[in-house]
Every structure is written in C-alpha cells, then in structure tokens.
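These are the structures in question, set out in turn.
Presented sequentially are two complexes of chain A, the first with chain B as partner and the second with chain C.
== the complex of A and B ==
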C-alpha cells in the first residue's frame, strides 16, 4: 500500500468518488433546488446556468435529483457489496481451509450461483423479497457472493500451504486461531480491492433494477429511476436521461479505476 | 586440465591488472588448454593480438528507486575479463551484484537499471550502448546463456527439440531437416542418452539435471565464443551438479568456449574456474587466479568466505592433517552428552556441564523404528535410467538387495540421544522432508514407531498432539516464508506462548526478550516487520520462535540451505551454542553433506525413500559403506581437485 503510485487518471477517479460521497452525505452543498418538487418551474427546460442538467417532465431540477439520488444509489451499492463481501469471504475461507466434502459442497453451490445470469438471479431474489431499495441491494449482493467466495478460497488455499501457517499449527495453534490470526489478515487485501471494484457494478445493477421498476419506488430520486422516468422524452429532451447516465458512468468508472489501482498495489 | 597452472603464470591480477601483464601471459595460456584436442582449437586461438574474449572495464550500474528520483548504485566500477577458453568465476553472496554484472554484459538489465559508466568488450565489439538489434544478433550467436533454474526456463508447451531449435531458427534460416539434425547432434553433445527420444519429449518428462543439459544445448547451439552461466547448478543435487560442471569443462576444452560463471559457491568456483573475481556489495574486492584466491587470499572478505564455506572447511581440515576425523567442532567436549540431566532437570537455561553424562546406554530422546510413509512406489527399470544415474543403478545392483524406489520414506530406524545432533542427508526426492514432517507430528506415518520423549508420534491423541508440539519444534528452510508478513517480530516469537496460553502478556514479553537475546537478535528489532529483516536475522527469529516454548527436540529442515555462507556459518555456530546451553536435541535435515559433517554426531543417509546407511558421523564420513554415500562424498566440490582428473591439483598448493 505504501508504494501506491498514483496516475493522473487515478487522481481524477478519486476526485469523482469524493464528490459522489460528499453529494450523498451533504446534498445541500451542491444544489439549492428541491429534488421532489419543481414548484412553478416549467417542464423540460434545456440545461442552463440555473438548471445545469435542465428540468424533467414535471419541472424538477434534474441535477438536484441526481445529487439527492447519490445517497440512495451509493448506500444501496455499499449494502450490496457488504453482503457479497461478508458472506462470500466467510464461505471462501472455510472452503479453502477445510478441504474435503465441505469444500466440495460449498464450491458446487458457488458454481450454481455463477452459472445463473446475474440479472436473472437478482430479479428472482428481489421478487421473492419484495420491491425496495434495500431489498434490491441485497439481491444484487447475493449475485456477487460467488465472486468473493472464489477469490477468498483461492487466497486461503495458497496461504494455508505457506510455511508460516504450518509453523503456527506446529506451535500449537488451533484451526480458528490460525484462520483468524494468519489466514484472514493475509487473504483480506485482494478481497477488499475486489470489493471496491464491485461497487461500480453494484451501482449499475441497482440502477438497472431501479430502471425496471424493481428498486426504489418513485418519487425517490434513485439514479436508475431518474433515467427510467426520462426515457419517454429522449427524442425531445435528451438531457433528462443522458446527463444522469453520464454521472452514473463517471462514478462507475471512477470506482472501477480505484478498485483496479488498489488491486495492482496489493497484488 | 591445466587451467590452474596457466593462471598462476599470469601476474598479480587485481581487478585493474595492467593489460600488458596479461598479454605476456597469453602465450603460455594458449598452449595448455588444447593439448588434448588441437583439432578443435578455434581458428583465432593462435592470434597474436590475444585479447580476452570478454573484457569488462569499470562498469557501474545504478538502479532507480521506485517512486522517487533517487537511484542507488549497484555496481561500482566492476572490471573483469574472461580469457579465451577460460572460465572466470564471479563469486559473491546474494545482493553482491554478480547477477547484475551478468545481465549488464548481455544488455538485459532490469527496466529500472541504467549503466552509469564503463565498457563491455566482447572481442572487439563494444556491447555497452549497442542497439537492441545488434544485441539480439549477439545474444545466442556470440554469447550463450545458461539460467539458474532449469525448472522454469524451458517452454513447457514445446518439446525439448523445439526448445533447442528455437535458438537456431532465430539466428539462421535453415531448413527443417537440417535443424533437426543439428538439434539431435546438440542433445547428444550435452550427454543426453537417446537424443531422438528426448527431442520428442516435453520438459516435465525430464529430470532437473537433464533439463539443465537441454538448456546448455540451447546455449551452445550456435557455438558462441562466450557462455554466461548464472548459478547453473545451484538448484541441482551435488551428484548432478558434478556432472553438469564436467560437461562445461568438456565444452571448454573441446570447443574452446569461454565461460563467465556466476556462483555463490566458492568451492565450485575454486574447483572449476581458472580465475575468480570475488564481489561484495557491488565491488570486485579481489580478482586473481583461482589458485591464489585459495592459497593466498588478499582480502579480508575473501578470507571470511573461505573460512565459512562448509565444504572448504572440511578440505582444509583434511589437508592440514589436524582434522583427521574431525567431523565435529572443537567444542565437542563441552557438549552435554547424556539424557539424564535433561530429563530430570528443568529445561530453562540450565547450565550444562560435562557431568551427568549418561553415556550411550541412556534412553534416547528420539527412537525411530521401521518408520514408513509411502506416497508412491516405482519399480526400478534399468532402461529408463537417466544417464546421470546410470552409475547409480549399476552400483545399486552391487548392493545386496534391490529395492523399489519410494516417494516418501520406508523402513527408517535410528536413535538419537538427548543433547546430540542427528543429521539426515539425501538428495531431492530422497524422502528426508517426509521423515522430518513425520517426526514433527505434521503427518501420520503408515507404519513403524517413532518415540519422541515418550510420545509415540504415530498414535497421538488430540490433546497429546498439542502437548507433543511443546516438545518438538520444526524450523523451516526458507525464513522469508516461515514468518507471517503481517506480524511484528515480537508477536511472531510470542505466538507459541499465546497459543499455549503461557503466562501473562508481560511475562510473554519478557520471555521473548530473553529468547531474542539467546539467538543474538538486537532488542530493537522486536517491533519490526519480517520484510525489514535479512534472511539470517529471520532465521534467528524462526529459531527463537521454536525455542520460546522450550522444546526438547528441534527438527531443522534445510534450515541453513537458503542462506549465504557467512550467514550459514553464523547460524550453525548459534545452533551449537544453543545446544550446549539448553541441552537441545537436533534432527538436522540437509542435502549438504559438508554442513551435516560440521554439526552432526550421528548421521542417516537416505536415497529414494530408503535409509542406505546410518551411524556415527565419523564413520559415515570416513568409512562410508554404501556406494551412494561414497558418491555423495566424492561429489562435494573442492578447489584442490580439478575436473575429471584431467590434471594434478598439486599446482594449487605450491
């Protein structure tokens, strides 16, 4: 981590991510408009100095909706990644350190998860759980469990073969002792950088669910929902879909860049 | 061959030896090496302007440090030369810059390295500053390269023949049939049996020694003037090493190829090279004919290397007569011999006198009877022997019984008295590590018993197993991988105490400090991380961790093999002192007979899973009964002896 070399793109990515986080925490800093009430503002105004992203079909400021939407989308992404990270890592560590039937069983479950297309899987789960921001997030998180489990398993297998683990068992360490003190700390950094990498795709997947109407209910300004609401006006008012879309793209690419930078630094 | 004689004639050769002096010596040099094969002498051998094949002058190389503009100098004005048909050995410990020198010669320095000054002349050609295209023409065609690790230097997806043919194809546009002919010729030249069969095999089907032969075939494919051999035998067993070195000698004699030989092993350098350049932290500290390096070393560092090299130490003892039979350290008498005191008294830092010695009839601390752990078994097939082993199987059939080769170990028996050291010697694949793991309780044996301080290793219950771990500790080969990189040194040493819940936090801290002092680690290292320590320091940490819970038996699995000779000597001295002070018993597993000879009281020799010989060290080393043991002993390189008995070695000592 110390010899992390920052390229200009990585710096830009970090700045974008920082702005996104600030918008999620203090949306008032970025805009004075109300995201849910356009008041007397005319509908479908094109972008201008006052309304940076223009206004939507009922006169709401699109920029304000994007800013206020950050908290919903980012929170949901964090929940999704958290579910995948915790469940996947635990499964992977146990599978990697307990060779035999348990490992086989866990890894076959993971194979099944991997074989189902992520969108189909998350749609199925969200229908079972019921619509909503957090449920959509959990559904997206479940689809990434397999990825985390695979990585954590491969890490723990190679660490489990290392001399220092043999030495730890040789000096009286118990299984849980060794898992907690040696295997987890050494396996965790690549897993964490995968987590950062996953935030981007989680945002995308949650927006997809929102766009399809399975996520956050209107009028809450969730990113996928904003685009979905604007899609009928693409021909006449492109800004309602394109500009929020560009924001999502920028944030996703930024987290992706940060994730891959971290991965290279920890590899 | 007379490499040694001819270099004694070349004048006082420090690194900056004046060129005229060397010129004067040239005629004498020319005549001797080719006596037995004048027809093979290259055309330019009689050239009056006899200049060295390779001449490196004042070479300085900098490495830029990652993430900053600063750079660190890795080579400081290195000068050396390789005479026509000669072998110059570059000797040094890890980090001395010997590999950087080799890389700089063929223009293959790492991306963050840059040449600050100097010149590299290959014949008349200046290689420093030459363009990539020119260097590509030089590499392979004029300079051959033999890498260190034959294991991963061949393309595993191509056959052996295709691997060798690659060098030919890159440099010469020749037809397939001709290429094939030449490849078979080369494989035969490097001493592979049945070249036609070998050419069609894949690298994984060959042994390490055979792969190294294939790499040598690639290196000589285009008859280069110079071969750079970067630790070509360091990854090989001694008996295989000897044969590869013989092959290089043959090439030198018959083809007139010159060799720049990079090695950490002073004994190998002294045995084979005619000129030795000793490197230390990027400088050539001594550059002289091989004979002079050994008879009259000028530099303190060279003297230290000579003193610490285990195989050389044995040679000097033998030859000075004083060590006749002295396979053991002089401090022999101070050592505790009996088990009585050890079993009765506490084990903590008891001062050990020579009293209370229980003698040979005391119950041994470790008693192994018919121990077996077999993973796989091959019956010996005569015609599938590799050439390296042709002699082995012939000799093996001389011995009374012919046994199957075993992966693992079969039917091993020996006793070790408390406070003594038992050496287990064998080449790779002999089963010595399996034996060590079984005795440390890490794997369960198939059959036989191993009693360690009253515990039967084969029948340990769950709770017994944890108690057993307090009695026996294992020290691994590679200290860099044996300590968790995330732990501080103190936490690493304290780990066994924490696992067994010994004492309070403060008591553990005090105990760690005490053990660190015992292994001579400065207390300020306690808070450091493993990556900040050197290999020798880390091995001390590993030993401290093993000692912290006061075991009685320490299994040392190649515990000094990954270390530089001077560090190795320090660790061996440390082990001896700890044995004296704490009455420890060691099981010392090593492929290196010279090291075992220094430290062991009793020795077992294992080969292909079988114990071929066991007994007191003195007897094994002076009167080996088994042909395998004899072969191992004969393969220890010694500078006094020249290759393949070509010429007498007396020149050296005079």
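== the complex of A and C ==
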C-alpha cells in the first residue's frame, strides 16, 4: 500500500464511491421522497430544485429512485464479486498448488467458463435460477470466476516457487497449513484489487440484466430497470432515462479508477 | 505439428465440455419443455395425449439417451425445436443470423477504425492534453451502459435531429445506429491494446534507427509502428467476439432489430431453453474457433516480424498469462 499515489481523479473517484455507498446504506440522507410512491405529484415533471432528476411516468421522484436503487445495485454487485472472488480464488489456489491432473481439470473448467460469452453465460445461469436480484447477481458472479481463478493460480504458482514455501514444507508444514499461512496471505492483495476493479463491471452487467427484464422485478428501483421503464418516455422526458444512466456511468468509472489505482499500488 | 494437434484437441475438449454442461443444465435435467408447454389446462390435453407428445419428442427417455440424441443432433446441425413456437431451432437461427452478422461486421469495422484513430491521437497527438484525453477514452467507453447509450443515440439522431429513421428504415439505414452503439464496447479494448503496443514499439531501437536515417513521423507511424503494434490486437479477438455477441443481444433489443440477439432475449424471457442452448453452443464454437485460429496464426506472423525481443503471446487465455493483452473488461478499465 505504500505505493499508493492519489491523483486528483482518484480522489474524485473515491468521493463518488463514498456518496454511492452512503446512498445505499442511508438513502434517507439524500432524499425525502418515497421512491415507489409519487403521491399526488404530477407525472414527468422536468428537473427542478425540488425534483432534481424530475419525476417519472407515474409521478415518482427519479432522484429518490436512483438513491434507493443504489442499495439494490451495489448489493447485487457485491454479491456478484463475492461469488467470483471466493469460488475463483479457491479454484485458482488449489490448481496452482496441486500440479498435475487436478490442476489440468480445474483449468479446463476455467477455459470452458471463459469460452462462453459473458452475457450468454449469465443468461444461462439466470434461466436456471429464475429471475430476481440475487439470482442475477449470482449469474454475473459466475462470469467472473474464471478471471479470479486465473489470477489466483498464477499468484500461487509463483509464490509456490519461493524459498519460504519450500522451507515451510521442509519444516513439516502440511498442505493446508502452508496454503493458509503462506500462500493465501501473499496472493490476496492482487486478487482483492481485481475484486474492486470487478465491481464496476458487475454493476454494468447487473444493470444490463435489469434492463432486459431478468433482474429485480418492478417496482423496485434497480438502476437498469429505471432506465428500461423510462425509455418509452424518452422523447418527452429525457431525464427519466438520461440522468440515471449518467449516475451508473459515474459510479462505474469511479470504481474502475479506484480499482486501477489499488492495482498499481499492489502490483 | 504436435502443437497444432494439441491445440485443436484442447479446443475440441473445451467445446465438448461446454456443450455437455450447457445441455445437461438447460435442456435435459430441467427436462420437461413439453410439460411446461402442454400441461397448461387451457389447452385441454388429456394426460395420455401429453404422454404421447412426450414420447414423440423423446422427453420420457432417460437423461443419457436424451444427451446422446442432443449431441448427435448438434453434430448434424439439428438443434431441436423451440418450446415457444415449435419451429426448428436451426431454422430460427438461420433466419436471424444474416442480420446479426451484418450488424457485427459493420460494428467491428467501425470500431476498428475508431480504435486506430483513438490510439494514434493518444500516442501521437500534438498536445499533451490531447494525448491524455484520448488515452482515457477506452476506460470511459468501457464504463458506459450500452443499452443506455443506444437509447440516447436513437433519441438524438432519429427523433430530435431526424437524420436516421428508426421506424421502417432501409437495410443500410437500420444498421447505422445499432452499429454506432456497439462501437463503444468494441473499440475500447482494441484501442487499449493499440495504445499499449504503440508505446512499446516506439521505444524499440529499430524505430530510433529509422528516425535517425531521416524518416518522417508520418511515414514512421504507418510503416514501422502501426504495423508492428497492430499484431498484439489479434490476441483480443476472442474478447471482441464475446463483446459483439453480448452487444448484439442488447442493441437488437433496444432498436427492435430482428437477429440472434433478439432471438436470445426472447428465448430467455419465455424460458425457451432449446433456443438458448443452441445460441450458447454456437457462440462458444465461434469463440473457440477464433481463438484457435489466432493461436495457430500468431507464431506464423510473429516469426517474420520478431525483433528478437518478444516471445509470441499465445492468444488463448493461457493460464497465468494475465499480463499480456487485456482479455477482459477489467483490464481495459485499468
């Protein structure tokens, strides 16, 4: 971490990410409007001091929907990254420390996961598990397993060649002990910075599934779903579509920036 | 020769496992497309009639028999029947494929041109700010939600400006906006690779030598740098293919354009597993073939161009080889 260099863009990215996390945890801090009930508010009001992002086709405050949507989209992204991180890292570590048939077999599995285009792979999982926020998140997570597995494997292979691992085995360390005490701690930081980098991609993929209608069901304010609901009104009310999309883009760019900064620091 | 045989065998194995897993998960274990479709009481079929249909379609066979039928069917190009429409899946795909291929080819060419422009400006731009702006373009492009960008393009260029009609457009006109949408996710990884390799090639001694002999920057860019730097772009062919497939699903949905992508989206919505299975297997076949060709081609091209410094980078996503070219969106973002 001592190599961490904070450029101005990295600071802005961190601020955007902080706001997004706060919105996900304490949406009430940012808006007093109900995301699912517009009450008597007229439909399709353009953005104003009261309704920052305007209102949608049934009078709901779009900004409130985006704010409350942060929890669904970010939680789903965390679940997705968690699935890829845990499954992929375990596969990669085992493959990297057990050369031979097991390594070969696990890496063929990884090849198969990589050879199916990501969206089709996630659609396959979603059709198996059923539509919904968590299922879409798991589906997106599966598409990143191969990535984590490759990284964890290459890390554990290079760590496995080091003298201290040989010394640990030589002084009577068991396989699991060496894996847990020596290989895992040293492999973990590049894997974690990949995980941060992966969050942005997961947000995009989940919003794509939401937009296509396979994620969170309405009226839950998931980001992709908000855009999909607003697209029929884009000719008269651009804000319902354009502004939530700009928020997605800002958050994704911010996580990418943070991820690449961490990656350079840990490389 | 041994290497070629090994690579072909490996590709066939990956494809075979992918088919096995996908067909077991999608078509055979959940089993009963027939039940899902015909057990609806509104159709008024007796259980004997349903049994008859199941027997005819093979749904009552044990799973390994169904798997064998599916495998031999796929090898013959027979992908079964759509649960939703009853049409042969191979017919559905045959009808949808030309329009998706046209979209993918147009988008790819446009994206490759855009990538070259971005990369040249990012590395040879006159002003420092210009280089910095274009250097960050790939990571911006990769952060844009593709479906959102498509909606905006349709709104701006067809409804506001009226330049392109999306209502009953001609064959060429209908390609413009979907292809333009796809330029973002496709050009980003290509531009990224080009930027990296132009930077690398520029630092090579042979470029210095040409420079010292009086080569003008423009000549140098075209003859030495770009030609050598374009080679690593081959390594991301598989990634680009995957982005094209995913992008087709999204853009065809946004623009209401018939094709494989729309067929896929409809198959998922109506849980039409045989159609999804066929699309997944064909896309995987495409990916595996592209990577195989690139893998076999790369050493051939590289031997002639090799300057003694670089070992050929195998295009397959070789394990442990994460530092080569970006093989995924994350590496483009960083």
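The rule we apply is simple: the second predicted complex is superposed on the first by the 266 of 267 C-alpha atoms of A that agree within 3 Å, B and C clash if a C-alpha of one lies under 4 Å from a C-alpha of the other, contacts with A are read in each partner's own complex, and residues count from 1 in each chain.
Simple rule for what comes next: a residue touches a chain if its C-beta (ideal position, glycine included) is under 8 Å from a C-beta of that chain, and two chains touch if they have at least 3 such contacts.
From a predicted model like this one, the values you see are computed outputs, not experimental measurements.
J.: Mind working out whether A:182 is in touch with chain B, chain C, both or neither, as first, second, both or neither?
T.: first
J.: Once chain A of both complexes is superposed, is A:172 in touch with chain B (first), chain C (second), both, or neither?
T.: first
J.: Between chain B and chain C, point out the one touching more chain A residues.
T.: Residues of chain A touched, chain B against chain C: more for C.
J.: I'd like to know which partner A:164 touches here: chain B for first, chain C for second, both or neither.
T.: first
J.: Contact-wise, after the overlay, does A:49 reach chain B, chain C, both or neither (first, second, both, neither)?
T.: So A:49 meets neither chain B nor chain C here.
J.: Can you list the residues on chain C that touch chain A in the complex?
T.: Those residues of chain C that touch chain A are 10, 13-15, 17-18, 21-22, 25-26, 30, 139-140, 142-149, 151-152, 155, 159, 241-243, 245-246, 249-250, 253, 264-265, 268-269, 271, 273, 276, 279-280, 283-284, 287-288, 291, 316-317, 319-322, 328-330, 333-334.
J.: State the interface residues of chain A toward chain B in the complex, per the touch definition above.
T.: By the definition above, chain A touches chain B via 3, 5, 162-164, 166-174, 177, 181-182, 185-186.
J.: Would you pull the chain B residues touching chain A in the complex into a rising list?
T.: Within the complex, chain B contacts chain A at residues 66-67, 440, 442, 466, 469-470, 473-474, 476-478, 481-486, 495-496, 499-500, 542, 545-546, 549.
J.: Which stretch or stretches of chain A touch chain C in the complex?
T.: 95, 107-112, 114-121, 123-124, 126-128, 146-147, 150-151, 153-154, 157, 194, 197-198, 200-201, 204, 207-208, 211-214, 224, 227-228, 231, 234-235, 238, 241-242, 245, 248-249, 252-253, 256-257, 259-260, 263
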